[in-house]
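Below: one structure, written as structure tokens.
First chain written, first letter: the chains are A, B, C, D and E, and each begins at residue 1.
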């Protein structure tokens, strides 16, 4: 793979919690600009841990995290965000007592130019009319799907270069799941690189360009998403037999 | 080189609620011990004074006396300040058969539980202070101008409750067994023919609502205010609140407030406020120190020379106590506490202990015989001594009615 | 791209990986050593026969036993069930007053009435728990402080028990060198009893239930645990030990008054000792108590009793919390460095 | 065996559950589905006693249970899992399981915390969900999916007669999920009654005997899986475009 | 009638002061979930600063209030950095901090005692013993000024939280720490500054109470329960709740003190606390927690 297209290069990362054993043992992922990536793997493989390392929430013990040609290992989460990597964790990360509009505004917290921020907000509300409708409502009173839209909308305000979503379809009704993937396509259309972690692997992979299998804290497989979907061994180990029927 | 020093232990409230007075007790003890040592000590032995701070806390005080007696192995102890701390400490000293000379701890109940080694170094128990208040007013104030109503407010404190019991004429009982120690009826206020229009207490710790209290006093319209504060600080707070509200009674008596700190904090507002006292610079008591005469005047001179400030009651009392104990050790010829106690119990009116607070001899329970408190009043920024009028020279006339704020 | 591995290899590797990461199970404590220590404590008062003056060490030790009992008691509610009370000395006070009033009025020794005092404390604990255990976390902590304040005001104004001036109790007539020994043994018995109870609870279904409650009450409920009953029972048991200790302490002091029992520092001591030693562990209260009393004595002997003492206690506590967030016992165990003699969980 | 009659619950102004009635037959697997915010979790909370209902009745084996406290309901043989897993974080995984086992009488309170028979059973269950190695690990250290698995294993510890599963599949790896579903079906054949809330529609349709569809707090449809899947209302409200593809 | 109005006035002016004392506490709890048991000790430090400025250079406590506020703001930041920051990632943060703040309170109590002795102090500007007369009613000037300034400060705080970008960040951090962090809020900085502001408010109220209540280092224990009852009544972490709670309780306690005796006036606070826990555990303004 030509070096130039790798926007984010995570290589041989070793990481663990506190004094505990290493959870990640040489995990890595190569992220190409403008493409959608899907990480799959069994429970406890270290998928969330990997995203935490990239976003700066968890320090790596070894390995490199190179973004846009510069190492970002050891930076604070807000510094990494300023460079353009935005992370949406597994639990929905809203401000429950703030209104929808305030939540969106918080999305643009690092944007200091007020006019610019207002313009972006308008744009997002354009893309998600529901959010405009509910502008004054408190975030916690939204339904699960609306909350997910708000999270995504907030990410759009920021216009990051990379968005990392940890199980975005979790707990959502099928109808909303398809909406979420619509939004992910929308992000891609706007030139944003997306990384998702999905247990709903078939749906995840079929909506992604590239896939990555993580197991035992290591990267077991990396390649085009459809390739992964079709590999029988991966299917047996990670996708479940039923996947074949789908 | 001389023999082993005599170790003397005292635990005092150097910090906490009683810090102002506690600190002065330390000064009083130190001054006296220093002078004795300068004079060659007692029985050829120097005195080694160990003072520790009990933070005005009961449990700490107890534990410190335990420590002094068992670990530091002191020969003699000096008492602590306040009834609150003295009460429990006296049980410890009694257990070890130590003489407990008490500088301050006037509540009658302390002397009612059968301890044999207590010796009080002030005029009389708190319950009888009311007598001094009563006599001051009857003797010095014209009957027609006498206040008709009185408000009595007090800290819920051992000492203050004691004074209140005398003034209100209540029974002093031992809770639990219910034994009546003294029946003080009808009480000094009743004797004065005054009607009690407000009787209120505030908690001993953590009270800060002085303005509301002052407002209640003002609403009662009492002509005479008896304010039984437990410490100088409380006296300051209450005075300020009363001043703010412009409560104008004919007279105010407080149980604390002779201290210079009181004057510093309230300034002119002190004018006309009466406070009882055990000591006054004008009192011409004659005492003895190291076998030589050493009276009140000498004390004042020595105090000024050493500290460059005027002494007050709280320096004088511990000094007198130390003076008395010096005579007792010398008299007993040893630091054996049994012998010291026997010697002290053997004092009589004719052969008393002689101190700058006057002569002392004690009854069986350890209260002084035949002594009563003085009444003082702040006049022109000075604490004047107004009653009794016949004991010493230098008595000032009473300022009555109290000038308005 | 990594090479495609055989499914079996992956599965085998998974097993190896799992084995490597597997957590280890806890070991048990060592009993013989404990029995030796206990025997030594039981024989210690014999030193008074040597003729030296050991009153102060005896005093300190019985004081330590008392705090061991109170802290272990506190730990049942605060450590196991996770309800931190900064007002537990209310039960200390109740115990002291029940036995104290019986002693003062009828002359019955506290040694006899201490269990009764404990039961009264327990009953009060039951009632109080009924109200305050409805809230948890910060609100419970605050309610416990309020309980302390309310009790203080009530006792201060209750003339029957002598109000804020308190009452003095008859002394036990014994020669000076023996006078502490009965109290020493009484406190030792209470301390050992509290530890045994604490151990038993920690290893029972009840203890497991309490620990579940400390984590998530809704989950505990839906796991079939009667949380309200468990909590109140824990509250009552913990009040029992604190109350019994108070009963003996009152007679030992020969004087009881609200501000001996009902000052926040007594409660603070319980909390501190427990946290320092290790909240929710059986040995923690002992370790914490011994350390804190030792520090305190050290300060007193070095600097005399003064504010430095308080400053020192505060700083030690900060350091302990920063470097031993789970208490000494808890943190050492996490790091696998806990001596076996302290591993009672 | 188990029935909900005219249950209602509102939060402030929101009618989360509104006059909701349905029944679950003994020995069946019944699925409760519906869009996000339909009130499914709230119904679970009302049934299990975690929340008090505003009105309505819950009947279990011919007795009303709506005024009982949660632990009493659990003791009658009805256990549940939580959508957002609740773990006893400081307890080990093993203890998390043991806690669920039944305690009888005051005497039982002071029985040994971890009996050997219980332990054996717990280890068996952990082995089944593939997290044996975590048995002595504190539960806080589990990944999202591992917690879900632990929760499921713990549920079975109490040997319930009826279980309520709130989105058991969310976040669980598909391979493992198949095994779990197989296990549920096996238990069901042994007499266990199951009420399951799940957004994984494929799973729902393949295992359930009856499907209840909720929207806006009320039941809008009820019936056999096939009939439900063809129901227009359900399609509109819930399934959306995605399942139309399937 | 005059009587009642008079008592109401006394309670109300004191309420203002309590409100300021409680506002910093509430702010810190709201944002960081720290129950700052050391809050009263910081108030006392503020009072000492004003006391010494008054005693040594004669600076009026109201004028020295900004100095006390800034000094305590800095102290708060130092304390936060040294002690609380490293704990912020711990799972049992809220519980740990109760104990840590307790330890901090103990340390400062001891330190102040070593430095200044546990001697009661009070500043005596002339207005501390004067009153404004409103017909028959009087208004103690000291309390009145302090109450007014408190309200102004609280108003400024509210505006700051509502309208500034930093205020947004503070509120966001309050509600979801991790999310705020992931949106680029430097939550470490926000926490530090918020803690500083909270302690700064403690300093300001210290300056104001320096002429209303006498103080000494160990005094802070007495205020803990009182302040706690205020913030619980209002709903923990709710600024407006604390303010309303403060006024309500101060007024009720003034009535209780006047009609039932001073011994019982403090009881108001604790009984109110129990009542509210029984009836509405989330406080007057709090929202029901699960």
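Everything below uses one rule, namely that a residue touches a chain if its C-beta (ideal position, glycine included) is under 8 Å from a C-beta of that chain, and two chains touch if they have at least 3 such contacts.
Since we're looking at a predicted model, the values are computed, not measured.
Shared contacts of chain C and chain E, meaning chains that touch the two of them, come down to A, B.
Of all chains, the one whose CA centroid is most distant from that of chain A is B. We define each chain's centre as the mean of its Cα atoms; on that basis chain B and chain E are separated by 38 Å. Between chain B and chain D the centroid-to-centroid distance comes to 75 Å (mean Cα coordinates, whole Å). Averaged C-alpha coordinates put the centre of chain C at 40 Å from the centre of chain D.
With each centre defined as the average position of its C-alpha atoms, the distance from chain D to chain E rounds to 46 Å.
Counting partner chains per residue, chain D shows two or more touched chains at residues 89.
For chain C, residues touching at least two other chains, in rising order: 21, 153, 156-157, 218, 306-307. Listed for chain B are residues 14-15, 55, 156, 203, 205, each touching two or more other chains. By the definition of touch given earlier, these chain pairs are in contact: A-C, A-D, A-E, B-C, B-E, C-D, C-E. For chain E in complex with chain C, the residues that touch the partner chain are 29, 35, 83, 86-87, 90, 92, 94-96, 98-100, 102-114, 117-118, 217, 221, 224-225, 228-229, 232, 236, 263-264, 266-267, 269-271, 273-274, 277-278, 281, 290. Contact residues on chain A toward chain C in their complex (touch as defined above): 19, 21, 215-217, 219-223, 231, 233, 236-237. Residues of chain A that touch chain E in their complex: 55, 57, 76-78, 81-82, 86-89, 93-98, 102, 105-107, 109-110, 154, 158.
Chain contact summary for the complex, chain C toward chain A: residues 1-2, 4-7, 10, 13-14, 17, 20-21, 335.
On the chain D side of its complex with chain A, the touching residues are 14, 34-37, 83, 130-131, 141-146, 148-149, 167, 170-178, 199-202, 238-243, 246.
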